[in-house]
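Shared between the two complexes below is chain A, which has chain B as its partner in the first and chain C in the second.
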Partner chain A sequence: MATVEELKLRIRELENELIKCKQKQCAVEDALQRPKIDIMSAEVVDSNPYSRLMALKRMGIVDDYEKIRTFTVAVVGVGGVGSVTAEMLTRCGIGKLLLFDYDKVELANMNRLFFQPHQAGLSKVEAAEHTLRNINPDVSFETHNYNITTMENFTHFMDRISHGGLEEGKPVDLVLSCVDNFEARMAINTACNELGQIWVESGVSENAVSGHIQLINPGETACFACAPPLVVAANIDEKTLKREGVCAASLPTTMGVVAGILVQNVLKYLLKFGTVSYYLGYNAMQDFFPTMAMKANPQCNDRYCRKQQEEYKKKVAEQPKVEVVKVEEEVVHEDNEWGIELVSEVTEAELQAATGTVPDLPEGITVAYTIPAEVKESGETVEETEQSLEDLMAQMRKL
Partner chain B sequence: MTDEATRRTVSQIPLLKTHAGPRDRALWPQRLKEEYQALIRFVEQNKAADNDWFRLESNADGTRWTGTCWFIHELLRYEFHLEFDIPVTYPDTAPEVAVPELDGKTSKMYRGGKICLTEHFAPLWARNAPRFGLAHLMALGLGPWLAVEVPDLISKGLVVHKERQREASE
Partner chain C sequence: MATVEELKLRIRELENELIKCKQKQCAVEDALQRPKIDIMSAEVVDSNPYSRLMALKRMGIVDDYEKIRTFTVAVVGVGGVGSVTAEMLTRCGIGKLLLFDYDKVELANMNRLFFQPHQAGLSKVEAAEHTLRNINPDVSFETHNYNITTMENFTHFMDRISHGGLEEGKPVDLVLSCVDNFEARMAINTACNELGQIWVESGVSENAVSGHIQLINPGETACFACAPPLVVAANIDEKTLKREGVCAASLPTTMGVVAGILVQNVLKYLLKFGTVSYYLGYNAMQDFFPTMAMKANPQCNDRYCRKQQEEYKKKVAEQPKVEVVKVEEEVVHEDNEWGIELVSEVTEAELQAATGTVPDLPEGITVAYTIPAEVKESGETVEETEQSLEDLMAQMRKL
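Entry: the complex of A and B
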């Protein structure tokens, strides 16, 4: 058996070898990486990475494509949707990207796009930055490897949203939610309502056959807490949906489509072309894309949402009369068999007691669940206590 | 949704009154006191019913919780470490409970050992926010999860009783 000294020596040898390998790899990468480009050129030559994008100007689609370099976008969640979103924005030549994710790359992610097997074990933000920097060195990157929903990280997250722009100290232009859980979405919603930050929520259903994007302008449109989560009706009977032994399914196709419609909406919003969607759903089973717009809920639970609504009202009142542009499109579909199965495996009584009103939504979109308007105070509540928190903690420990 | 026994247990857990999350410096300590009161009551009830199955404690500011939970299967006791953070959006959203040592052993789990709750849990929590607390999370989230997953993991040999493991290695 090797002695500790021998093992130490061996570790040092391996460390040196690793450094050499890294240096060699860096040298290769530097040689392969193109130099930074100061000014986007419209010249159509093989060596110009922006020629086809700048052609959008010549074709009259976008007025000022170069403006993309002045924008900063934060991508929260660098998974199946977020990584592809970041890649698209990088290839489009966005000014700065902020990436947030606490996860590591795993082989189980390989059914999705972007990450490669050799990156397994690396943090998603680190792996993504490396790949993206190689694709386009003109983009600035800032990565944060943490969970935004915990106390100290959330404070930092809010700070970076409000100060992490291309010009340090300025807010980012847009926040994109590409997370896979309700807690993180609510955390982004909380932050954006407090900061008055416009953001776009995106999601793919757990059965992988529907998805959506939703533009949220605090005070103007419904925030994520204004209504129960919206879902695209997949038109699948819940009873036939087998959930045994799995949490979530995913498809690279659905995630790619959702990332595509997300970034398309971002480009339209930032570069001012076409019609920006407030909500766009994707039902992969029937190839159906419902759209709608939803106003903020005056009774929203989030007090910052209500505050932003007041401010928005003031702003609108101050503005000269402008017709509110209606982006809502009446979707006409031949069959009308969107079963609104809200909750299954629930007794009738439970369902009745727990069902609230379903907001007026276009065909193909529904809410994940409803909340009864008036919650009856049933059951006893905790009593007033003389005990201090420390007493209670000690009591709990003694049990 | 849940079986009659769970329903009865839950109805005995006192509901919470203070709507405050960890970012609310003024009201969070009050909420935290209520959390402890409800938890203490729930554990006492479990003990009285000879169904004591978990312990929890928090750091001083109540944002990080750790503890143990155990499950009796064929007269053997299986114990697991559990942990979770209070998200900034609590109590509007429930914390994500993790049982790290079972990570990778069941597909009913997200990365890091976070348990995958049934589709009924989120609506149930949303409808009862902010009156549901951590005791409810234990009773309606972790409890039913353990009851389904642990026997299955044992039958597959993925969870082995500690003493038997020792015997096997000797």
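Entry: the complex of A and C
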């Protein structure tokens, strides 16, 4: 039988082992965090997570990189594009991120970047927030685990877009649509038209080999209801896309490129450098990247879009005209407070026609859905045109 | 004083607590792993990590996606571009990855994707392998924590490129250069010329706003020693790039886009779909993506490059000619066993001139280093030209 001394020795051993085990656990948990950093420094030391970003100032690219910390961006959809988008913004040191998604992480998502197998079963916003906080504890996060398209959630979504800024009560600076369905895109469009909120739409085709980003400034550019949504032509047999019951393909490459060009344009817009693209497509089969821009449609079905167009016209009219010989060209740039360049334009006449037929788009860009032949062939009046757009939208909702 | 019974009770308590602590640790470690998967399935269930990739077959994009598991890719440089490249290939289910790097993870790397703050201090290849294994345990990994440019390591590197395939003894299928300096690129170039190994070079500018990928097939295309390396024109004041003692800027966006277009072209090349780009640039300021192709330089300084050119010529001559009216155009495509399309070509005459002057490149592409004015002005013979290329290379090495 063991003596009291032997028992006491065993207790000391066990206590030491337990302390070690707990220390190891704490170390794992602590190691996941870096301390917060109050002021972004440009100091070139290995321990400074911002040195390579602050170097953009010395390189003459960005005037005031620190300003990134004052901005709030809402990311709607935290899937293949949205999660990488959120990670890029987090690593760039954005002030605040609002994340919206109602999906759970699945092993079936592991062919795209960001989520890890051990997160399967967690809600995407919860898993994303945990990873992103560990990457950069200087960013503020606000997550909403719900579907924005239900009436109640939509109201809450509108409220957070208009009041969820870094300074509570202020609107967010930008909304990024990284969703994978038409209904959610239309919900974001409706909210942003009503709020006059600038947003960027993104998308990847079901065959995984093309994608695009599109900046929408209510009143200035075509909104999502102004014209059929634009996609990049895949140059492959379209019939393969429409087969029923086929799960969509996806690739980490295409989604990484789309997230990359999306966040790059967000940085250019927020930090005022380079030229922000209105529409940038990516055709992975040919490595072709078409660009374009489309004006708002005065016959848009969304009344808030039409209202924003009136306000935009007034604002442009009030701006002082710069007297230059080539006045017309100047006006195009004057319109535009973001330094965004119109690459190619679809005229208003073309857009009106587009509600019945396909607009004249640059090479490589096409509409996401085509209009039934019978509508195309009928003689068109404005009323019929509006009707056909409604039909089209109804059709698209069904898809 | 405690009784024997009390001591025994304390021992049981401590033992239970220790078991719980250890179980918690194991659970954390186990959760990081998913079981291996023997056969890639197209089944559309949430638990299948390959369903969205196998869907590429049903979408008509890829004929035989499972073939991805038979390929080995070497990634040299596991930094901002290389780590994301390795992650994309891992998530796509590549057969085997060889990773080469000699750097440690630092907090200063956190402005790019992939590494996490808790990995600071670990070697990049060790940290990367751990993360990648957790993401996809079906991939084989081989890591080398060394600098490939030292004589001894270079010999070992050559050996692993030529024998480190999935089936030991076979060469790798592709080498990807994701390094950040000229010396390492030249080492890869030298190895691949000698081995006749196809490789893809990638690069991001020091100001973080441009990048490129370039496919190099020894004997067919210009190698890294054939002509000054090509970069995408930044369209900003070049003087800001050359300031001394300035740390390079970097962005997760630019590096994500470059990794994305790199791996997309790797997938197209390995799985035979779409058109593989010889050279694809990315100008982030203007969202401009120039493409081009350059033939090998018969006066290349690398004797293995010249040898590969002879062999390539022989191979092309041996191929049966297809009789078509436009014979010349046909020959260009016939040359080419990878279905790669020449977008625009620099002629051999231009290339010879390029050793002394800048070749006539497509809009948006420029050489990484310009040739001193005095060399340009001298009357050139073949000897002088070769000399000036050597001078240039020596200069570049110093940079």
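Just so we're on the same page, the second predicted complex is superposed on the first by the 297 of 399 C-alpha atoms of A that agree within 3 Å, B and C clash if a C-alpha of one lies under 4 Å from a C-alpha of the other, contacts with A are read in each partner's own complex, and residues count from 1 in each chain.
FYI, a residue touches a chain if its C-beta (ideal position, glycine included) is under 8 Å from a C-beta of that chain, and two chains touch if they have at least 3 such contacts.
Worth saying up front: this structure is predicted, and the values here are computed from it rather than measured.
Engineer: Regarding the shared-chain residue A:106, is it in contact with chain B (first), chain C (second), both, or neither?
Structural biologist: both
Engineer: Please tell me which partner, chain B or chain C, touches more residues of chain A.
Structural biologist: C
Engineer: Once chain A of both complexes is superposed, is A:47 in touch with chain B (first), chain C (second), both, or neither?
Structural biologist: The second partner, chain C, only.
Engineer: Given the touch rule stated above, what does A:301 touch, chain B (first), chain C (second), both, or neither?
Structural biologist: first
Engineer: Looking at the overlay, what does A:249 touch: chain B (first), chain C (second), both, or neither?
Structural biologist: second
Engineer: One more residue to check, A:186. First (chain B), second (chain C), both or neither?
Structural biologist: After superposing on A, A:186 lies in contact with chain B but is clear of chain C.
Engineer: Just checking: does A:228 make contact with chain B only, chain C only, both, or neither of them? Give me first, second, both or neither.
Structural biologist: first
Engineer: Counting only touches as set out at the top, which of chain B and chain C does A:154 meet: first, second, both, neither?
Structural biologist: Touch partner of A:154: chain B, not chain C.
Engineer: Using the touch definition from the top, say if A:321 reaches chain B (first), chain C (second), both or neither.
Structural biologist: Neither chain B nor chain C is touched by A:321.
Engineer: Is there a shared patch on chain A that both chain B and chain C touch, and which residues make it up?
Structural biologist: 106, 243, 246-248
Engineer: Looking at the complex, which residues from chain B come into contact with chain A?
Structural biologist: 1, 11, 14-17, 22-23, 29, 32-34, 36-41, 43-44, 47, 55-58, 63, 85-89, 92-96, 107-111, 116, 119-120, 122-123, 126-128, 131
Engineer: Would you pull the chain C residues touching chain A in the complex into a rising list?
Structural biologist: 2, 4, 7-8, 10-11, 14-15, 17-18, 21-22, 24-25, 28, 31-34, 44-53, 55-56, 58-61, 84, 87-88, 91-93, 106-108, 110-113, 116-118, 120, 134-136, 206-209, 236-237, 240-241, 243, 246-254, 256-257, 259-261, 263-265, 267-268, 273-275, 277, 280, 284-289, 291
Engineer: For the complex, give me every residue of chain A touching chain B.
Structural biologist: Interface residues on chain A, with respect to chain B: 103-104, 106, 147, 149-151, 154, 181-183, 186-187, 190, 225, 228, 243, 245-248, 301, 343, 345-347, 350, 354, 368-369, 371-372, 375, 379-383, 385, 387-389, 392-393, 395-397, 399.
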